Each structure stands twice: as structure tokens, then as C-alpha cells.
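Just passing along the structure, written as C-alpha cells.
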Amino acid sequence: MLAARAITRRFGRTLALDGVDFEAHAGEIHALLGENGAGKTTLMNVIAGATRPNSGEVTLDGAALNAGSPQEALKAGIAAVHQSPMLFERMSWEENLALGGFGRRGRYDLRAVAAEAAALASQLGLKLPPPRAILEQRSVSERVRLELLRALSFEPLVLILDEPTSVLAPSELAGFLELLERLRAEGRIVVWITHKLAEARAAADRITVLRQGRVVARAISPETPERELAQLMLGELAPPDAAAIPKGGSGQSVLLLDNLLLIEDGRSIIDGLTLELSGGEITGLAGVDGNGQTELVELLARVRTPSGGSIRLSARTEAAEIAVIPQDRDHDGLVLDMTLWENLLLEPGLRERFTNGSWLDVAKARALGADVIARYKIRAASPDALAAELSGGNRQRLEVARAMSLKPKVIIAHNICRGLDLAATADVHRALVDFAAAGGAVLLISSDLDELLALCGRLFVISRGKIRETEPAERTPERLGLLMAGAWS
Amino acid sequence: MLWPLIKSAAALALAIALISIVLVALGVSPVAVFAALAEGAFGSWYAFTDTVVKATPLVFTGLAIAVAFSAALWNIGADGQLLVGAILSGAIGPFLGGWPRPIAITIVLVAGALGGAIWGGLAGWLRARRDVNEVISTIMLNFVAVQTLSWCVHGPLMEATRAYPASTPIAESAHLGFYFPPSRLNLGIAIGIILAIGCHLLLFRTSFGFELRAMGRNRRAAAFFGLPIASLTVRVMALSGALAGLAGSVQVASITHRLYEKLSPGWGYEAIAVALVARLNPIGIVAAAFLFGALDNGSQAMQRAVGVSPVLVQVIEGMVILILLAFDTPIWSRLGGRLGGAKGPAHAPALSPDA
Amino acid sequence: MLEAFLTSTMTMATPILLAALGELMVEESGLINIGIEGAMLSGAFFALAAAYFGGSTVLGLAAGIGSGIAINAIFALMVVNLAVNQVVAGTALDILALGLTGVFYRKFFGVTGSSFMVKSMARLPLGPLANIPLLGRAFFDHNALVYFSFALVPVVAYMLRRTRYGLRLRAAGERPDAADALGLDVYRLRWQALIVSGALTGLAGAFLTLAYANTFVENISAGRGFVALSVVILGRWSSWGLAAASILFGAAMALQFAMQALGTAIPYQLFLALPYALTVIVLATVGGQVAAPSALGEPYSRS
């Protein structure tokens, strides 16, 4: 039996896990369900030894594991497959597998590793790359399969899978489920981390639900109705006032993406994307991470240039009137070691406003900082506080405030509520809705279906760089999940 | 505000304590050593003025390091940039006889800044356009500069009698004269202080300074918001090089009046200690340069008095850098938070691991 | 003349190659050690001091190795455990070593050090090979360290590319977080690389004082540690490439002496500057980061 007891883990001021208890028995597939930012991946990292908890312990069959030691977790038989593959991109796939459990004994011989891997792969019906192929040239799904293979090479007693289906093709799903069932039959433990209700109900023996770093339902039956699970996952979320959400646009076109193309290393990342944004509307773009969303955002932020097609602004829109909120606030959106007001100036449009010649008007910028703190309920001592001192939610409020201060016509928002608590999420959603209600155009790019279903007028799905508009009938989490998996592209 | 100062002082004190242990082990009295250092640096009006003279090149190179490090560009090549600046100044200087003083001096200084800017800018260009790590390129360019200087003073710029490996002296009209002879006090330190104020304004009050610091603290975010990373890299490195080049040119114009092989005793490297002690703050650099200038100046007297090599100063420098680096790690920040009430990440951000 | 040039090339290449092979391991593990110059200088000084006062070359070599390891251990503590900026820490160690060796040197040997000579390491002619005309003296009549450094080339190549340990070391330099997740101890791997490198760099320093100059002068390493850094880059992170680049640098240094002896019009500084300029030119044309380990120079600390 795998047990995690009273696990607490803080990252800076964010409480990622708050006294979490988790149990999984031998011979079961246990789903760990929760929305983005609920703490699932952190819990996985704690169990796999990659992250040391602030308190609490993990035991396997009664024996306590040394916290924060991946070596010991692996030795004890706990292996993990990560959502973004933990692989060595510039090495061959054989070398990657040799770093796992293949060919551990005897002389170091990559051919022996390849032979062992081929044997296991054929059992699973997985295809291996050609000999000596370097990983960075292989596709994402191929890489994930290699990581799965590598995890299995440890013959783990516990296999933790983080959102494994997000990169598997539908055709591979059956074989994958078969594999899990075989692991279960052998008495192993499979922990399946997902935010997809349907998946958890279909595959798991029992389900544990996490919300905001706490366990809200422990080891419940997969027969639990979907509605109930959703409520557990999301909490008593007061849905945004449905009447306030602008569903139909003003029809006033603001921005047109015309047959947009982005090709890199011969692979098309964005593949003929056409999309028109109009004022007074939140347009949604749903997709599993890694299908071209990040690149699309970078194209719109004009950090990249498209390989083909165009981004056209309507006659009355200026380039500076597009505000972009990137998904990774700590790495792309903010400079954590700078003050709050300096982070406002990161936006070129605002910087221009506070620059005379080449001099910065520090007093005015600071005043805007103070104004923004009050208006957007940012918890900060002063505009001179470092962004690093703000909590995740307040950092996001700062990003939204910055976008709004630009007085833009269009806001591009990418996964902006990831990892936020409910209050911050509600605030951020409210700001977007108000902006749209006042005639602005919003493109909300997200992998959080509930957010999209709640806020968006039109809803598109992106898969492998192509987009498709959804019919009203398709706007259920199940159907959308299938579309996001690329059932149409 | 106060906390960084306390940290720098603590690092210095710790370094001195560690060195005292080494000195005791060597059978030398630390008290005698530091007394001789202080005597040599501040014991007389002349000693004091020479401390200022010794601090002058460190002000310029310290600023050069601060500007580059603030942008997370690790310029280890201030020494080479200084030498190239000096070469250009020393090459043009002899031809300025008869020119009005202000013009001649300006030409010499501009030549020095230009030389340094070219040498630094080259490393910046290599980084921006050819993806060449500036650490490696600046170190390599240091050696190229050293050999170029050696060749110049043995070859094309060699003085007329061809007896000494030194260049033809620069014209007197280009001298930064001594104001209080016999002390060698000159205009160099004033230029340095003005530049320090200028660098402070540049870093914290201009759009360029903002972009530079944003790039230094988070290159990804800076790129995302459209900052011209490549052009900033070249400009920052050229600016850093120009400041270092000025160090060389001021030295030639005020003190040596000519080029010779060992022109710089490693001011470009010492500047790293200066800049770190000053927490990359331009105004602080003037103070830190004065401190290290005092050590340099006192070290000669110390050698005469107690027979310890003047390179003891470098032991202090190396230790201070290491201790300050260790202070900046999370372990110490946490400790600092408890001891000094510092809030948040109490480190010079440009030196934090994720910068 | 040619024989002397070739002999001199091999002699000059040896300390560079020793240090570069150590640095190669360190870089494969994901660190860049600018402090290599300081480690070499310490090795040079302490090797001489031990050999002089202890009267034994072996003791000298051991002291050189030990001091190289000591300097690298400080570096390891700073950059592996405390995850501080590697460039700045390395530069600090260079300055520190320059100061420490200078202070110790004056203390032990006074100001006129040139009289403190030690016996040069014995030459070991390799039997009949040493009698081959021209090449025999040039390549097969050196001291043990010269042979050792070149014999190390295939050993390091094999270790890095053909052993499990080498694979793990490279994994730590390629993606430390993933290596960590697979149960590799990244800190320990990097410490090990730095210790081995410290030993090799210290040995390189010992070579300078015990086999080349037979005495110590301040800053005797004179940038050879930095040369080793560029040799790693020029050699494209391959042991064989490193050997070739070391010989190239050695030849440039040997050529300088030859030119001075011949009294040619070509300024000898050109040959001294050439290797450094070449490094920059090669980097600029081939591109800087192509063959370097992905995580080179990025601080890594476990979450």
C-alpha cells in the first residue's frame, strides 16, 4: 500500500499542499482528480521524491521513504511519467533508456538496452524510433512513450502518470488502457493524475479528489455521478453571472488572423489558422498544452514572425492596443526581481506613456502602481514592493491590471487562471467579462474547459496547430475533451 | 537600504578575520599588517591622495562591471577593454602637441572610450549574433589585448630611442595635470564620480537603463515584451567596454603618460570585487573603489613594514567575492531575514542563480 | 631546430591538455569552471614548495594534486551546494589563488625566488622508440606526465562515451532535473567531476614548476588555465579534439620561442595572441553553443 500522510508543501507564499492524506492499494488504478493548480503534480513529485514536503511522510508497504530522495523512491519501486517529458533531448533514445532501468547489469552496452526495450515495447504494441535517433528530432508523443517505457523499465510497484492521455493519440488509448490493466493484475499500483472527469470514471478503481491543495474526497467510487465529482473538484463555485457574460459580439471586427502559418525545423506548429476577433465578446480557444498555443501567443505578441499568412488589425486598431498576458507569469509575464511599478513598465505601450525623451517619469509610474494596487485589490505594501513578494493570485492581478492599464482593444490571455485560488480566479474572470462588456475583444486560450464554457461566446478547439469552431451541441466537457485530443484533425 | 551595506561590511570583516588566521599561521601579526596597510593608505596627506589616485581606475572598471552585470552580461574582459582604450589613447596622444588643452584631453578620452567600446562591443556582438558566450570571448579578448599592447610598445608605438619597451609619451597638452604637487591628485577621480552619477541616472531613471535591468533580471520576459535583446546586448557591452576603456585612457593621460606592458595590474578583475561589494550600485562603487584603492595603496607600505606581499590584497578581494556570493544564497537570505528583518529576496538580483 | 620545436610543442601542450581533460569532465557535468586558472596556479606553487622542502618530486606532485583538489572543492561548495553564479565564483578563486600563492611565496622564499630551483622531473625515453630519427626525441623522450596526459585522452573519451558513469555525468550536464528524477545524484556527480578535474589541474600546475620552469614565479600559469577552457571549446567537447587543440596551442607557444631564437621580423606576440584569437574566430563561425552540454553554466538546485 502506498500512503502519503499529512503532506504540506509551500512554494514561497503559495500553499500547494495542505495536510494531504492519500492512499492507494496494491492492484488498483487510482485516479487523482483535480483542476489545474489543485496540487496534483506537487503531490506526485512528493511521492516520487522529486520535491521535499515541508511536513508529512510517504510510506510504501509500511516503510517510510526518505523525503526528497528520488533515488530512494525509485529503489522502493516508485516511478513517474511526467506531463512534459523528463528526457535528455540531445542524447539518443537508447541512452535515455539506459539511464532508466534497462541494461543496468553487466557491461554497458546500448545494443543490449535497445534489445530489452524492443522486447517490452512489442509487448505494449509501441513502436521504437530508428537506432541511435536523437530525441530532439522526435515528436512529443514519441517522447512521452519513451518516458513511459523508461518508467516501466524500473518494474515499478507504483507507477504515477501525470495527464498521460493528453499526448496519446486516440488510437493508442486502447493499448494504453490494456497495459494499465495488466499492471493492476500484477498487483501494482497505478496512480493516474487527471483533470478529466470522464477519464477518471472510466479507468479508475477509486478516485481521490484534490482541490486547492486539500483532499476533498478520499478514495470514492468511480460510480460517483459526474455532477457530484465536478462539484467536488470545483467547489461551490458561484458561476459568473450568466446574464453579465456577453455571448454575442458586437460584430465589430477588431483583429483578423488570416491563414496564419508557423513552420519550424520543417514542422508546422501553426497550420493555416484563421480567426476573427470582434469587440464585446470573449472568444475561447481550447486545447491541450503543446498544440501551438504558446507559439500563437508569441506571434500575437510580435515576438515571432509568422512563416505565412497575416495578423490584420481593423482600421481603428493600433498594434499597441493588443495586450498579451502570457501563461507563465513567473518566467514570461513578470520580472520577479523588479518592483510592481517597474513591472507595469514592461509593457511597451505603458513605458512609452511614462517616458519623456529617454527619461522615465518614475513619479507618474509609481502613481499608476498605487492606483492599480487599489483598483485591482492587489495585496502589496506599496508600488515599490518586488513582484517576487506577491502571491500567485496577486501576481496575476498585476498582469491583468497591466493589460487593462494599456486601455487595449484586444486582450490575449493564455491560461491566466492556472494555479490561482477561487477568489483570484473570480476576480480575473470578472475583469475579463467587464472588459468585454465594455466593448473589448478577448481571446481566452486555455486548457481549462470549465473556464471556457463559463465565459466564452464562441469557442474554438486547437489541435496540432489547426483550429476548428465548436457547435453548441459539442460544448460538453466530454465532447470537447475528445476534440481537444485531436479526434478531428 | 541599510541591509546590503551591512552585508558588504560583514563580508569584509569575515574576509579580514579569515586572513588574520592565515597570517597568524604564517607567523605574522595581523595587527601589524593591517596597521601598516592603514598607515600606507591614510598615514599622510600624500598617502591619502595616492589612495584616491589608486581608486580612480577602479571607479571606471567597477562601473563597467556594474553596467554589464546589471544586464546579466558577464563581462570578465574589463582588463582587455581597459588596455585597448589605453592603446588608442597612447597612440593618438603624441600627435596632439599644440592643441588646446580641453580639446586634446577630450580627444584622448574619447579615443580610450572608443577603444574599450569596440573591444566590449565585439564581445556583445558575438553574443547577440553568433551565440558566443561572452565569458569565454571576453577572457580570450583580454589575452589578445595584452599581446597587442606588448606588440605596440615593442613595435609601432615604441619610443624613439628604441631602448625601452614603452611608447612615445603623449603630448603635454593632453595631460590631466596634477593639482597639488607633489601629490598626483588629478581630474580623473572627478570624471569618475561624474560618470558614477551618470550611470546611476542611466540605470534607474532612463528607459535604456530600465530595459537593461529588465533583461538582466528576466531575459525571457524582456524578450516577450519586445525588448530588443540583441541590440541591447551589443549596446550594454559597448558601454561597459567604453567605461573600462576610459580607465585606461585616464591612467595614461594622468599618471603614466605613455604605454608600457604591465599597464594594468588587473584592475579589470579587481573591479568585480569592487562592483559586488557595491551591490552593483554606481554610487556605491565610488566608495568601494576607494576602499580597494586604499588596500592597493597601503599594500606597498605593508610590504616594507612587515614583509608581506602586496598581493595579500588579492586574497582579501577573492574572499570578499566568495563570501558575498555565499551571502546571496537562499540559506543566508533566510538567516538574513531573521537577523536583519530584510524582506523578500535580499540579494542583488542580477547575481541570483535564475538571473 | 624542428626537433626542438616538436619537443617544445609536446611540453607546452601537456599542462594544457591535463587541465582541459579535467575541465571537459566538469563541463559535461554541466558546470563551467573559470577558477581552473587558480587551481593550476596553486598546484604549481604547492608542488614546488613540497618538492623543495620535502626534497621529493613525488611529494611535490602529490601536493600539486592536493591543492588543485582543495581549490576545486571550494568551487564545488559554492556552485554545487550553494548554486551561486559560476563565472563570478570562478573568477574570485582565480584572484584568491593569485593572492595566496603570492603571499606564501614571498613568505617562504623571500623576494628573490629564482635561486629556489628544484631538479627537473626525470625523462623516460621509451626504449627504441626514442631512437627514431627526428620523431623519437620529439615524442618518445619526455617525462612521465607527458605520456600520462596523452594516455589519458582515450581513457577520458572511453569513460564519457562508453561507460554508464560517463552517461550519468552527461545526463547531469544535459538536464539535471531529469537526471535527479531518475535517481542520479547530480550534486555528487558534479562534485566528483570537480575533484578529478582539481587533481588533473593541480597536476598541470605541478608540471609547470617541476618539469618545465623548475622554479616558481608569481602567476607562473600565465593564463594557461584559460587556454584549457578554450581548448575544450575548440576541441568541441571531444577528448580527441582536445588533444588536437592542445597541440595547436602548444605549437603556437613553441613557435614563439623558435621565432625569437631565429630573430624573424614576425612579432612573436602574434603567435601568443593567435590561439586566443583563433578561439574567438572559431566560436564566431561555428556558433558558440552547438556542441556544449545543454545545461552548461546554469545553476541547479534541487527543489
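Each chain gets a letter, A, B and C, in the order it is written, and its residues are counted from 1.
Following the convention adopted for this analysis, contacts are C-beta pairs under 8 Å (C-beta built on N, C-alpha and C of every residue); 3 or more make two chains touch, one makes a residue touch a chain.
Given the structure is predicted, the values throughout are model-derived calculations rather than measurements.
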item	value
Reference subunit C; chain at largest CA-centroid distance	A
Chain pair bearing the highest count of C-beta contacts	B-C
Chain centre separation in whole Å, for subunit C relative to subunit A (CA means)	46
Length of the line joining the C-alpha centres of subunit B and subunit C, rounded to whole Å	28
Residue numbers of subunit B (touch at least two other chains)	355
Multi-partner residues of subunit C (at least 2 other chains)	none
Interface hub residues of subunit A, defined as touching at least two other chains	none
In the complex, subunit B residues that touch subunit A	204-210, 213-214, 217-218, 220-226, 343-345, 349, 352, 355
Residue ranges of subunit A touching subunit B (in the complex, touch as defined)	298, 301-303, 324, 326, 331-338, 342, 345-348, 351, 355, 358-360, 362, 385-386, 388-389
Interface residues, subunit B side, partner subunit C - complex	22, 26, 28, 74, 76, 126-127, 130-133, 135-137, 139-141, 143-144, 147-148, 150-151, 154-155, 266, 269-270, 272-273, 276, 307-309, 311-319, 321-322, 325-326, 328-329, 331, 351, 353-355
Residue ranges of subunit A touching subunit C (in the complex, touch as defined)	45, 48, 50-52, 68, 70-71, 73-75, 80, 82, 86-91, 95, 98-100, 108, 150
In the complex with subunit B, residue positions of subunit C that touch it	32, 34, 74, 78, 82-85, 87-89, 91-100, 102-107, 218, 223, 226, 229-230, 233, 267, 269-270, 272-273, 276-277, 279-280, 283-285, 287-289, 297, 299, 301
